[in-house]
Amino acid sequence: MKGTVTVDEALCKGCGLCTGVCPKGLLALSTRFSTRGYHPVELVDPDDLCTGCELCSVICPEAAFTVFRERAAA
Amino acid sequence: MKGTVTVDEALCKGCGLCTGVCPKGLLALSTRFSTRGYHPVELVDPDDLCTGCELCSVICPEAAFTVFRERAAA
Amino acid sequence: MARALLKGNVAFAEAAVRAGCEAYFGYPITPQTEALEHMAKRMPELGRAFVQAESEVAAINMVYGAATAGVRVMTSSSSPGVSLMMEGLSYIAGTRVPAVLVDVMRGGPGLGNIAPAQSDYAQMVRGGPHGDMKMIVLAPATVQELIDLTVEAFDLAERYRCITVVLADGSLGQMMEPAELPPMRTPRAADERPAWALTGARGREPHALTSIYLDPEQEEAYNLELQATYRAIEAAEVRYVEERLEGARIAVVAFGTAGRLSLTAIDAARAEGIEVGLFRPVSLYPFPEERLRQLAERVDALLVVEMNAGQMIDDVRRVTRERVPIRFYGRTGGVVPMPEEVLEAIRGLHAELVREEAVA
Amino acid sequence: MARALLKGNVAFAEAAVRAGCEAYFGYPITPQTEALEHMAKRMPELGRAFVQAESEVAAINMVYGAATAGVRVMTSSSSPGVSLMMEGLSYIAGTRVPAVLVDVMRGGPGLGNIAPAQSDYAQMVRGGPHGDMKMIVLAPATVQELIDLTVEAFDLAERYRCITVVLADGSLGQMMEPAELPPMRTPRAADERPAWALTGARGREPHALTSIYLDPEQEEAYNLELQATYRAIEAAEVRYVEERLEGARIAVVAFGTAGRLSLTAIDAARAEGIEVGLFRPVSLYPFPEERLRQLAERVDALLVVEMNAGQMIDDVRRVTRERVPIRFYGRTGGVVPMPEEVLEAIRGLHAELVREEAVA
Amino acid sequence: MQSEIVISGFGGQGALFAGQLLAYTALDAGLHTTWFPSYGPEMRGGTAHCTTIVSDAPIGSPVVRHPRAAVVMNLPSLERYEPLVKAGGVLVVNSSIVERHVQRTDLQVLRVPGDDVAQELGDGKVTNLVLVGALLTRLPVLELEQVKRTLEHVIPERRRNLLAMNLQALERGAALADPLAAAV
Amino acid sequence: MQSEIVISGFGGQGALFAGQLLAYTALDAGLHTTWFPSYGPEMRGGTAHCTTIVSDAPIGSPVVRHPRAAVVMNLPSLERYEPLVKAGGVLVVNSSIVERHVQRTDLQVLRVPGDDVAQELGDGKVTNLVLVGALLTRLPVLELEQVKRTLEHVIPERRRNLLAMNLQALERGAALADPLAAAV
Amino acid sequence: MTVPTLTPRLTPVVSYPEALAPTPTHYCPGCTHGIAHRLVAEVIDELGIREDTIGVASVGCSVFAYNYFAVDFAQAPHGRAPALATGIKRTSPDKLVFTYQGDGDLASIGSAEILHAAARGENITVVFLNNAIYGMTGGQMAPTTLPGQRTTSSPAGRDPATQGYPLRMSELLAQVDGAAYVARRSLHDVANIRRAKKALRKAFEVQQQGLGFAMVELLSSCPTNWGLSAQDSLEYIRDVMVPAYPLGEFKVPETEGREAR
Amino acid sequence: MTVPTLTPRLTPVVSYPEALAPTPTHYCPGCTHGIAHRLVAEVIDELGIREDTIGVASVGCSVFAYNYFAVDFAQAPHGRAPALATGIKRTSPDKLVFTYQGDGDLASIGSAEILHAAARGENITVVFLNNAIYGMTGGQMAPTTLPGQRTTSSPAGRDPATQGYPLRMSELLAQVDGAAYVARRSLHDVANIRRAKKALRKAFEVQQQGLGFAMVELLSSCPTNWGLSAQDSLEYIRDVMVPAYPLGEFKVPETEGREAR
């Protein structure tokens, strides 16, 4: 299955919890500072590996993720 | 075994609980009023039936009883 | 409604019911328990909320909760129980939700006793709960007033979104006197609750009722609002009763039971030719400052009578600037002063005045 | 002891330790938590009693218990926590056992905030707990005073068998300042506890420590004893600080942090040629009535500065009988007034006086 | 005119109800009235007393030190109230259990064997009304007939079956009062 | 003479410790001093600031609206304190992350690249001391050498191993200050 | 008290406990508060600790307990006796400290204090009188009032739907790690009274051994507010309360055996 | 928030819950308070009750919960949220009322209020965050702090001998008859978070069905005061807290089955 995620940078606090749960290892903290002074997480997925499995969104304490998934054949 | 009891009238409130537990039925509320306005209990034991079994003293909420018993042969 | 012989505690409870009180939360304590017992029967009967709380702390916080829901809610208690409500009262004030408390004072401090006293004047009027807050405090002297002020307490609490306290003493709770209960008001329907209430954010933005403002500037702004409300209350809600003050040289100042007791003494003194009258503050907060100050311009002396060691007298001193001599007669610890004792105090003060005139 | 840079909360806790405090019971609350934390470390280290209670209600009652055992005992808290202690405080007063409370006030009412405030003056000085009771209330303005008054609080509490409150505000708890701690006193041995204490009735009649006197006459007798103690306290324990009052036309009246803040403003005003000084009550109860009344005879106006909406000012009004104009400058909700603001208020009052003179 | 009546006895002797009955009657008679109890733990076992005030004008204090009348149902009550009743006032004594005689000579004293009469009527619990019946003969403010009418509607539900006996108690007390008063 | 110094930055930038260091130094120098923090939840994440006052006379207010000097370690701090510093006072700006220039012309402004120097020294956590070092060159009340001596005994145990670096930070800040001040 | 002329062979085997003050109590006739007092006093006497014991009275009918025991006593605010006891015990660890509390006091307003005293393993003894009612204030519902039981604040009988269910405090507190000994006994007849005494003794011994929190709940009567005779009240305990509040030892120190029910 | 250009076939499957206000929280990075918030919001959304729900915030780090939920909210004094909830629910029986409380709030100062809300079978839902510490005040010992755990008020590690034993509130409250649903879940990994959500949903459904008191205890992290990274904190929950606080459903309505652990 194919998917992707977006992270709301206004919410992300760079806690890194999502980076630990992504089965594909697609999430990494950036070195940038967000406006609130955190290093926000970024999706690094050049090969479109994200499955939209939602794990990142389940563990995120800030509800920062929107997860997208391929619509099942319909 | 032989025994007897005394009742401290200043303490007895005439609740009647002791009258119910005496196995020999030796306790009865008098019709007199005590100085505190209660009908105190009296030992009615003309035939010396009291065994000093203590039951009356165990149930008395006012610790009004002194129980005496025959000293065991010694 | 015809007049009926009513016990104070039952009277104020039933008055609250008729004023549309929708929820009562309380904890038994003598000498106000009959009120809780009355509510235990009446409220469920009418389909309204009654909970015997696990403590006064819980009771006042149930009141707080119901108040945020926008209903008419009350509790009643007595001195030690009221002490336990201080934090809750401060939150209620800090959230600006309306609530009614009837405090039937007893002898203190500590566990004290269950006899009538007025020794919680300072607590209720000046500074029981923490923070810059005030509660409207109404002091009835008769069962009828107890009824009427209880009804009014609900209206005032809602009008100003504040706490209104009916401050009675044990004797008023326990005595019987003919009085008339108000007609039954229909409680507000659920959809008529005030706009600020928590009713579920149906078709509107959600809102929160809170008393925390971490930013001092914001907290100060909130406090200024509160203070503005207090100024409004002070301007509009002063209540007092004056009796036999026409041409009086001496004014007895006394509230509640002490007031009505004094009246008997005053009549006796008048029969002896002493020109004395009664000034009875009914609203202890707002205190009838203006009127009392004027009174102090007219009379030669004031006698403050309280069932405590002297609490309201400090306000009398402040307000009148001690323009005239102020004397005190009080009994503490639950002793109800006899009118004969007050008469004696009036005579003493009168003699003092006469002596002074003789000197002058 | 050398002077060290000490944080207020740690300073008073360590001062208590050195004053021989044998037991501390408390519950965390900002801005005094460092005191509890200091005690959590120090007391067990010294083999003394420390319990983090389940609540302030429990804490004050543990204090009550330890006080009946005749030991030096204290608690500390802040506004909402102190509100929860009202019943316990009344019992302690009603039992005449000594106890010390340090109240590090924060912005209110309700949950408010954790910024510094003085808005619990009325609660602590005039009428927090129920019943005719008083607590000695001491208001430090510097960390050194906080230390010294904490030590003194234990002595006063024992001397009069009463509650002594050290009333500070958040800023005093949080700030650091050089100060000297007292030397370590050895706590009393177990067999040196006072005669009235509960120590097990070894070789003597058992005694009870209680605050209930069902018979009003008895309760009244007890109350008269209490009142006599209060008169003794009023006669002997008045404390205040006067600064720059020599020849002053204006006196600023302010306690605690407001007092020290005002001093900076006063110096600035003096630099501008305004003759102004500071009257700083240190004992809020007993209030320095006599001295303040005399002061009001000497100056042309008073400026009361408080970190609240105006609480002590009522006592200033009462005591001075408003012989001279009394103005107020206050900030609420945890806002610490800047000396510049106080200076502005002094200037305003000065201008008022000058205008009046021009008219006269 | 204001009359203050204290009724005092052991808890359980019905002092409080007797005082209430007078207050209810006063209300029915269109008069002002207050009823003021002593309350509290002393009610259990100890002495119970109350003050009823009846007046044609609004009532200030619901208690007075010197009442116009006192009904004393036991010895402690006599000890307490004999010195307090106003000179010329009424003192009704339950002579069934109070043996001591009244010392004061400036009172109208009625010694009524309340308990005996009550026993006669078949219920120890009406002593209070026997004494009140007697009192009423010396207290012009409330009429016996009015008290009886009031009693009919204020008697507690659980004692309604004893109404007749209660009314008799009042009447017997009243009937006993005259000669007794003379005998003082 | 009284000097008020405000130090302000993000929580974690060490503003509070820097202020305490000045107070400790003042104590060691036999001067009067107070240290007054802002505290509370804002400490977590938000801005932390404190006021240290140093004086040769007892200190009244531990806070003032218009301090003699301010060390601002981030932009919000500059926004807040630029308008407040007394005319003629000192404003030390952490130019590493504060890009905006100071508008006021009546201040002695020191733009010090605190973070850069700190990184150079090998620990981002000494920005505060770099800036304080700079400040000291314009604040005659406390001497750099005294501050260094005080630091040696007040440095927290867990940072003692970094003492040398901390001392360097102070020195580097001071060294940078002169030319920078000229460049304003 | 008149002592009868005795045959010389009759000697006293039960007499007034030394730890009980020679004072008539204010309890209603037949109220089992009095039995509980006597049992505690007997235990104190038997352990010989009268001069080392400090009691804490609560608010309830037993508020004057301090008048009835010949030991030092404090009197606590309603519900707070365990907090006072904590303050006393922590500063007088060599004394034996006990509280005497009613069910309103312990299970309602004081439920936080008792729970935390237990959780802290506070080394005190708690005597807990459960009479399923607020005795002193005239018979209001307690947390222990049984479903359907009429009280002045549950005039139609306690309705669990709006007034909740009874709390079984012994079972609850036995769950807490700091509790060393928790037992429920009843005062409704001689055999049970004797068992109650044993439990009380154990509760004091546990404290002597420093094992932690010990509590004995005693099912007790309130003839006055139950509207029953003294005798009927005991039967009510037996027939109605015991089934709802099972007797037993719910927690015993690990070193000790459990007493059979 | 920048939405990337999406291939048309990608549709959002998880997005920001409607019941969560679009506001950044003040919680520390990695603090699981945030996860609990999201779960509650998702349950509210799924049940479609956002406009019929009233929350009660407590005192603790979650004091500002009212800013973060898009539902009506009250804010209670420390420990008293169940009392406020009682006042609200009794006067608004058609609303869904929940409290959100920390362990200091619920298990320490508020232990009487929670116990009695449970005993009354108060028809409310309690979300109970157990992080074994007082977060907001800077890391003091809570009643739930584990033996040996260092906090600012147990600097040498909690010593049960003087500081007592941890309280297991779920087990305790499950004993109470008025409790309808009591479960403990953990927020330390994805699987457990999903379980936690199910429990929360059940706790709201129990209220909808009027079955009585429902509580979900959530083992939660406090990276700041534990002095651990966000990630290590989750491992601490898993390795240290879960063994001390077993997960499970301790009470389920009679009509329902128990969810397997």
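Here the chain labels run A, B, C, D, E, F, G and H in written order, and each chain numbers its own residues starting at 1.
Please note the rule applied: contacts are C-beta pairs under 8 Å (C-beta built on N, C-alpha and C of every residue); 3 or more make two chains touch, one makes a residue touch a chain.
From a predicted model like this one, the values you see are computed outputs, not experimental measurements.
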Touching chain B and also chain H, the following chains: G
Chain pair with the greatest number of C-beta contact pairs: C-D
Inter-centroid spacing, chain G versus chain E (mean Cα positions, whole Å): 42
Chain C-chain F separation of Cα centroids, rounded to whole Å: 55
Of all residues in chain C, the ones touching two or more other chains: 30, 51, 54-55, 57, 80, 87, 91, 95, 110-111, 113-115, 210-212, 214, 336
Touching two or more other chains - residue numbers and ranges from chain B: 36
Multi-chain contact residues (two or more partners), chain E: 40-41, 45
Chain G residues touching chain H - in the complex, by the definition given at the top: 108-112, 115-116, 119-122, 143, 160-168, 171-172, 175-178
Of chain A, residues touching chain H in the complex: 2-4, 6, 8-11, 13-17, 20-21, 36, 38, 52, 54-55, 57-63, 65-71
Sites on chain E touched by chain C in the complex: 20, 23-24, 27, 32-37, 39-41, 59-66
Complex contacts: residues of chain D adjacent to chain F: 3-5, 30-31, 113-115, 170-171, 174-178, 257, 260-267, 336, 338-341
Footprint of chain G on chain D - complex, ascending: 22-23, 25, 49, 51, 53-55, 57-59, 61-69, 71, 73, 87-88, 91, 95, 190, 198-203, 206-212
